[in-house]
Amino acid sequence: GNKSEDGAAGGGDLSGKIKIDGSSTVFPIMEAVSEEFQAANPDVQAPVGVSGTGGGFEKFVRGELDLANASRPIKDEEKTAAGDKGIEFTEFELAKDGLSVVVSKESDFIDHLTVDELKKMWLEEGKVKTWKDVRPEWPAEKIEFFSPGTDSGTFDYWNEAILEEKPMRRDAQLSEDDNVLVQGVTGSKNAIGFFGYAYYQANKDKLKAVPIDGGNGPVEPNAETIESGEYAPLSRPLFTYVNNKSLKDNEAVYEYTKFALENAGELASSDTIGYVSLPKEKYEEQMKKLDELAGK
Amino acid sequence: MGLINKESVKKRMGSRIAANGLAKFLFILATGFSLLVLGVLIYRILSQGLPYLSFDFITNFASRMPERAGIWAALLGTIWIMAVTAPVSFILGVGTAIYLEEYAKKNAFTKFVQVNISNLAGVPSIVFGLLGLTIFVRLAGLGSSVLAGGLTMSLLILPVIVVASQEAIRTVPREIREASFGMGATKWQTIRRIVFPAALPGILTGTILALSRAVGETAPLLVLGALAYVAFVPENLLSQFTVLPIQLYNWTSRPQEDFHMLAASGIIILLIILLIMNSIAVLIRNKFHKRF
Amino acid sequence: MVVRENFQLQLEEMKQAIVQISKLTEEALELSVDALKNQDLDKALQIIENDNRINVLEDEINDMAILLIAKQAPVASDLRRIIAAIKISSDIERMADFAVNIAKSTIRIGKQELIKPLEELPNMAYHAIKMLTTATKAYIDEDVALAKELADLDDYVDETYGKIIKELLELMTQNPEHLSQISQLLFVCRYIERTADHATNIAESIIFLVKGKRYGLND
Amino acid sequence: MVVRENFQLQLEEMKQAIVQISKLTEEALELSVDALKNQDLDKALQIIENDNRINVLEDEINDMAILLIAKQAPVASDLRRIIAAIKISSDIERMADFAVNIAKSTIRIGKQELIKPLEELPNMAYHAIKMLTTATKAYIDEDVALAKELADLDDYVDETYGKIIKELLELMTQNPEHLSQISQLLFVCRYIERTADHATNIAESIIFLVKGKRYGLND
Amino acid sequence: MSRDKSNQKSIRSMIQEKKSSRSQSAVMEKVVPKIFLICAIISIFTTLGIVFTLLTETFTFFSRVSIVEFITNTRWFPFTSDENADYGILALVMGTLTVTAIAMVVAIPVGLAAAIYLSEYASAKTRKVIKPILEVLAGVPTIVYGFFALTFVTPLLDKIIPGGISIFNALSPGIVVGIMIIPMIASLSEDAMNAVPNSMREGAMALGATRFEVAIKVVLPAALSGVIASFVLGISRAIGETMIVTIAGGSRPTADINVTESIQTMTAYIVQVSQGDTGFGTTIYYSIYAVGMTLFLFTLIMNLLAQFISRKFREEY
Amino acid sequence: MDITINKQMVQKDKKNQEFTPVFNINNLNLWYGQDHALKDIKFDIPEKQVTAIIGPSGCGKSTFIKTLNRMVEMVPIVRMSGEIVYRDKNIFDPKYGVEELRTQVGMVFQKPNPFPKSIYDNVAYGPRIHGIKNKKVLDEVVEKSLRGAAIWDEVKDRLNENAYGLSGGQQQRLCIARCLAIEPDVILMDEPTSALDPISTLKVEELVQELKKDYSIVIVTHNMQQAARISDRTAFFLNGEVVEYTDTSTLFSNPSDKRTEDYITGRFG
Amino acid sequence: MDITINKQMVQKDKKNQEFTPVFNINNLNLWYGQDHALKDIKFDIPEKQVTAIIGPSGCGKSTFIKTLNRMVEMVPIVRMSGEIVYRDKNIFDPKYGVEELRTQVGMVFQKPNPFPKSIYDNVAYGPRIHGIKNKKVLDEVVEKSLRGAAIWDEVKDRLNENAYGLSGGQQQRLCIARCLAIEPDVILMDEPTSALDPISTLKVEELVQELKKDYSIVIVTHNMQQAARISDRTAFFLNGEVVEYTDTSTLFSNPSDKRTEDYITGRFG
């Protein structure tokens, strides 16, 4: 990496171990951060785990981690648990992930979908069986639904933004593995599904992203529309939570977090990761917070 | 004489031979089917994985850039885990087997241990992951270290080794034990100098096959908290680690096609490792086959 | 359950062969005495001719014994039975030879008138033949007591033998013209004595067969 | 590699025992002829006494044979060797008995002057003894050719026997006072003839032992 | 053979002298079995550990969800608000059983046929080559099988089956789990059949039996306990199989059996949750322990069954 | 009993060179790979007699007997040349299937090898594979065969018990019964008593002598005494060759070959 | 060779009732659970002679021989009463360890049971477990023992090869050598030739007769002929009892008990 020179925050004599775990969605970003950070600071060990957001938090609230990656904000139960153990933490947003609603390439009749249509389609008590039930002019073909596991941050966000916390239909195909969803939607003509923007981007040739009309006309998901927030409401933030105590006690953690905030945007939006960077100001703001916490 | 009608026996001969031919065809077909599936699998893996397979692939750490990514950390992690698992499971497994076969009296306790072991052999590996997390990572405070992972794996394959060792010890003929006792050897002398060396090939074969199962295991280590991105090799037993299957699993779940191909390359390496281990087992098995 | 039936059968066959040879020998001896008494030369010649059958039978018994030993590896009483068969058949064959010898003497005496009608000699002979019959019976029944009785019978023969020899020697002095005839009778007397001895030998063999111990009846 | 060494050793021991009994018997026969010739009654008594040793030895050979069969389950030539040993020892023992018989005759003749010096009779006897020696040699070497020669030797004995008997009968008519002595000599002559017959029997046994076939030398 | 007397003395007396060292080994005699006993006890502690790990959390789970519902409800849908959630284990159990059944339908005939071929027809050379190859099949990581099911078998089935098949279904992973188990059944059955003494085959052949008759009427019955044991082990393995069903089976638990539709197995559920975002301390979090416990009980029953069966079918020879 | 019987016995022993052969073997050669295991065997096997094969370990006894029902072909590396004629049929004739041959030529093995089934099923196995299903016929066959093998009385009350509950000797007789059940013409026995104790051995020996009334029997045995006891003719094999083949009495009392003599008298090595 | 030798041979066979015993067994009873396997055994085993034990299967031969070195105690359900005195020491005396007893009383088993080690290591095993480590001493012991077991010439060039490469007969002689290596006083043999071919059997038999010059030997055998051939004294066991125990010649030519006679002549059943 040519990043190593300008990213050399600590000048190379830094050492220590950093414990990072959590969301698999955030993993590619943190992997990239670690890779670059370690290239600059060979004596620092910053491995990244993927226990999932929930698994990450479980460890985090026990004090087993320095950083917990999350694709959703921390829940109340988890906060309480952290409180019980006396763990104090800070949330940092690293990048954004656009949820792409995709259909098979063969479904050329679909030009866009509104948020309401999505809601109607995905709700449990929804009467939607065929495309015709969505819009009368569409064919009466049975729709197949694909969704990330109900246990994923992606789903959580969908739940919030589209379903508004109402139960989702139970005949949707769920999978924790977004590649599996890609396969699913590619493989069936009348399928619809949603997953992270990165998965769409990597499979553009096989899938068709549906423009979403959030009230301001149909918007297609791409780097600009997501970064600008134009693609609404389906872009979600990706976080990392830092243990305040580690930040103070472990110089490496501080340097690492700072490095992450400096580089996350650029790394996340690279081709091999496929997320969207936050606006610059957002990172600077967070960096300040970081310095305060660390007492720098 | 005369209850058997020689004529009808002769007449039936043709159809019986035909039935044999048909059955043989079907049996070959079934065997061929399995081999065909294996062929397809291997073909798919090779066609995907070969392009990325290189020396660098083996010696590089993982990277976000597919062309720079390698499996060094995972490979060494796997070796480290095996370095813990192999001796621990071997010692515990053989010890248990020796106890059960040589020392234990035929009582309820022994029977219970026996049933318990064969039951453990059937417990899904993911459950062992939960166990390892609770006992080694948390209670024992080892963290998600090589040691915790190795111990968990040890417990996972322990029953297999015990059963294989028992089998091996049982095939040591009673006669040669008697020969040893007959010369005034004590029980321990007999076990150490006769029974154990004689059973060793069987034990080793069983152990290697069990280890090769452990090499491919993903679920328990995932639960345990093994890491996915590691850019260093473990330094000691308390180091954090990743292993091959986790690295592969991680790559397969990436959106980009390139990572899927990396995974295929990794699978080739994993298969080669398994192949080597199996070959060693087969070698041992053949070399010491039917010694008694 | 009795096993080795086949072996038992063969032992039985061998026994029957001995009974057979013994019967033939008895007949031969009786005939020979009759021929001597009646100076029946044809009969005498007949005896000599018949002897071959007995010789062959002895050989057969020997062969049977050897085959049985080779094939059956007998031990203990089975073995003693076979060895006894060899010995007994040899004794009996020898007795048959004496019948032939008597017949030959008869022929040598020819039609020449006997110096006196033979009485004691045939009696002694019948006695000896009875000993053979007794021995055969003892053999069939493996009867040790009966076998032992033979020793007593033999004592009688020995006694008579002494008497007859003495008498014949006296007759010699009295009838020098019949020296040849009398010396033939001397020999016959000797043959009969030997016949009885062989019967005693058979008795010894029977005792050995049954008891597994040697027991001298001749001493 | 020769196995069953122990068995071979025991067979050898048995053979030696037969050689031994044969030697003793030769001696006895020689002594008996000497005693007869020289009218040496002490010698004659000695022979009778010594005979017991030979009887015992025959029993021992029999026992050895039976034990060997029981313990070693011999077949083929081994078996024939043992059976032959039984038969040969029995023949030899019988020969030793003839020595005793001759000794007894010697005693019966006593110091009574012999009607004529014995010449032909001892010669015939020596010939018969030589037959035993030859037989023993043939046995030791398992020499079939030598054994077959015995048949010829026996022919000579038979011939001589006829002559001597005739001569003795003539002597009888000439010397009626010596009837008793001559009849004893008649018997002795007969004994010697029988001795030679037994030697021929031994030859037959040897041929059987080696060839496994019966071969009639007496006919 | 002459023996050197002085030397004889020396060995015998040397042995006598070394008698003292025997007291030291007497200590070993006492200590060693105790050490091994401890090894044996570790296996019991493992089970206790599992039960303890599973039970504590399972208790918490059942304090929130009634055990009656757990057993009687036929629907499993935890990812919704707590009041709407369904925790009917039957749906997961049916998924597991469906996959297991399909796997067995594939693995038993094919595995057994391969075993019969290898042990009764193939030459020693062929056997020596094929058996290790099949064992490689058993060693292929299960993720590979998972994607094989999803990207190869499912599309294939979709073409074959009239009316098509869902992208996630029970059939495809069932078949692939079956394929994965074939080598295990083939290998173990072959071992069992190989252990049948050749003398028995010869006995039958000498009566004029064909190889097929020998295999079916003599060898198979004689090896039955081992063969059945391999089936049972295969079933345990199918029940416990995780990755294949997670990838290709979908995650829609249902108690209705339709092999062309998506299902979820117990193991897949555990993976789903432990990979997911479930908050620590939520009911869902505890539910995986309850499911794990159920799975544990299942394998326990299978194992006891296996032991019972192999005892029952053991033909003494 | 008459003397003629004795004569017959001796006579028969002396020369039974003329007999009806069931097997004519001519110039039989057999190789295991490079190993020439049978060399130019010429051999006629008589009908309704017991033919014994003796010889040191590895001389080819088992190999020879197994060629007669082509069981030897189970060894993959076997090659053969020469001719074996069974009752005017060349056994290697492809038209004459090996299954058919084996139905005519039964075999009993060294170690008793009953199937792990009931006693009844063991005996019924042969008839069943040959298509006999009628229960009554099977019952009859089973009883007759067990009687024929002199084991009926010992097992008649436990026909449904597993054959492995029987003693070794009983098992071997059961195997003989199993063989009788298909009514073979010839029975081959490869050291049938070498795994049995002396009493069981005697029983099997008696049985063999009983069986020769109806069957032609070829028996391989390590035990010379046994060959001597029960056979009519004996062949002595050495290094794959037939050194001597003659009637048993002659072979054991007066063998014509020095090597035979050495072997049977234990002078071998 | 002189006649006296013959006499001695017969004599010795006739009465060797007086001997120095190495074992005195008195009122020995043994049960396997409820099964009374040895009943009131009274038995003296002579020094430097071969004592054979014969009897039908299951009569207790092996059980008896195994009590002599207490190997029978490996069966957990065994109970014993009575006395076994080995050279004035009660073998059940707790002060007299069983390992020590077994060092004095070696054993050779039915099936050749070499250890799966090299020939050398097999023979050196005994001395080694008894603490002898000196390589020179071991070399010497190995050679001497192998010579003693008449197998040295056959194996001297392959001492480091695995013992399982030997033939059955060689293996059995190796086992005897292994037993000789600890220089026992008594050697127990439980049917040492029942798994061997006739030639190997003869070799072992010859060896046994050689060994009795230096060792007292007790041999169990199924083969009566063998007992007859090689032993000095023979005991006939029946149903756990000693029916007859006398010198071998007497037992086989003229046994005093009807049951012995019936057994040795094959009239048993």
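In order of appearance the chains are A, B, C, D, E, F and G, and numbering begins at 1 in each one.
As a working rule, a residue touches a chain if its C-beta (ideal position, glycine included) is under 8 Å from a C-beta of that chain, and two chains touch if they have at least 3 such contacts.
Quantities reported herein were computed from a predicted structural model and do not represent experimental measurements.
When the partners of subunit A are compared with those of subunit G, the chains appearing in both lists are B, E. The chain with its Cα centroid farthest from the Cα centroid of subunit D is A. Interface comparison, D-G versus A-B: the higher count of C-beta contacts falls to A-B. Comparing the centres of all chains, each the average of its CA atoms, the largest separation from subunit G belongs to A.
Note on chain placement: the centre of subunit A and the centre of subunit F lie 83 Å apart, centres being C-alpha means.
Rounded to a whole number, the gap between the C-alpha centres of subunit E and subunit G is 50 angstrom.
Subunit F has residues 99-100, 103, 129-130, 182, 199, 202-203, 224-225, 228, 252-253, 266, 268-269 in contact with two or more other chains. Contact of a single residue of subunit C with at least two other chains is seen at positions 3-4, 7, 66, 70, 73-76, 79-80. Residues of subunit B in contact with at least two other chains: 16-17, 186, 189, 222, 252.
Pairs of chains meeting the touch criterion: A-B, A-E, B-E, B-F, B-G, C-D, C-F, C-G, D-F, D-G, E-F, E-G, F-G. Those residues of subunit B that touch subunit F in the shared complex are 1-4, 6, 8-10, 12-13, 16-17. Subunit D contributes residues 3-7, 10, 12-14, 16-17, 20, 57, 60, 63-64, 66-67, 70-73 to its touches with subunit G in the complex.
Residues 22, 25-26, 28-29, 32-33, 35-44, 46-47, 49-50, 52-54, 109-111, 113-114, 116-118, 120-122, 128, 130, 132-137, 139-145, 147-148, 152, 179, 182-183, 186, 210-213, 215-216, 233, 236, 239-240, 242-243, 267, 270-271, 274-275, 289, 292, 295-296, 299-300, 302-304, 306-307 of subunit E are the ones that touch subunit B when the two sit in their complex. Within the complex formed with subunit C, the residues of subunit D that make contact are 59, 62, 65-66, 69-70, 73-76, 79-80, 83, 86-87, 90, 169, 172-173, 176, 179-180, 183, 186-187, 190, 214.
Residues 1-3, 5-7, 9-10, 13, 199, 202-203, 205-206, 209, 225, 228-230, 248-249, 252-253 of subunit F are the ones touching subunit C in the complex.
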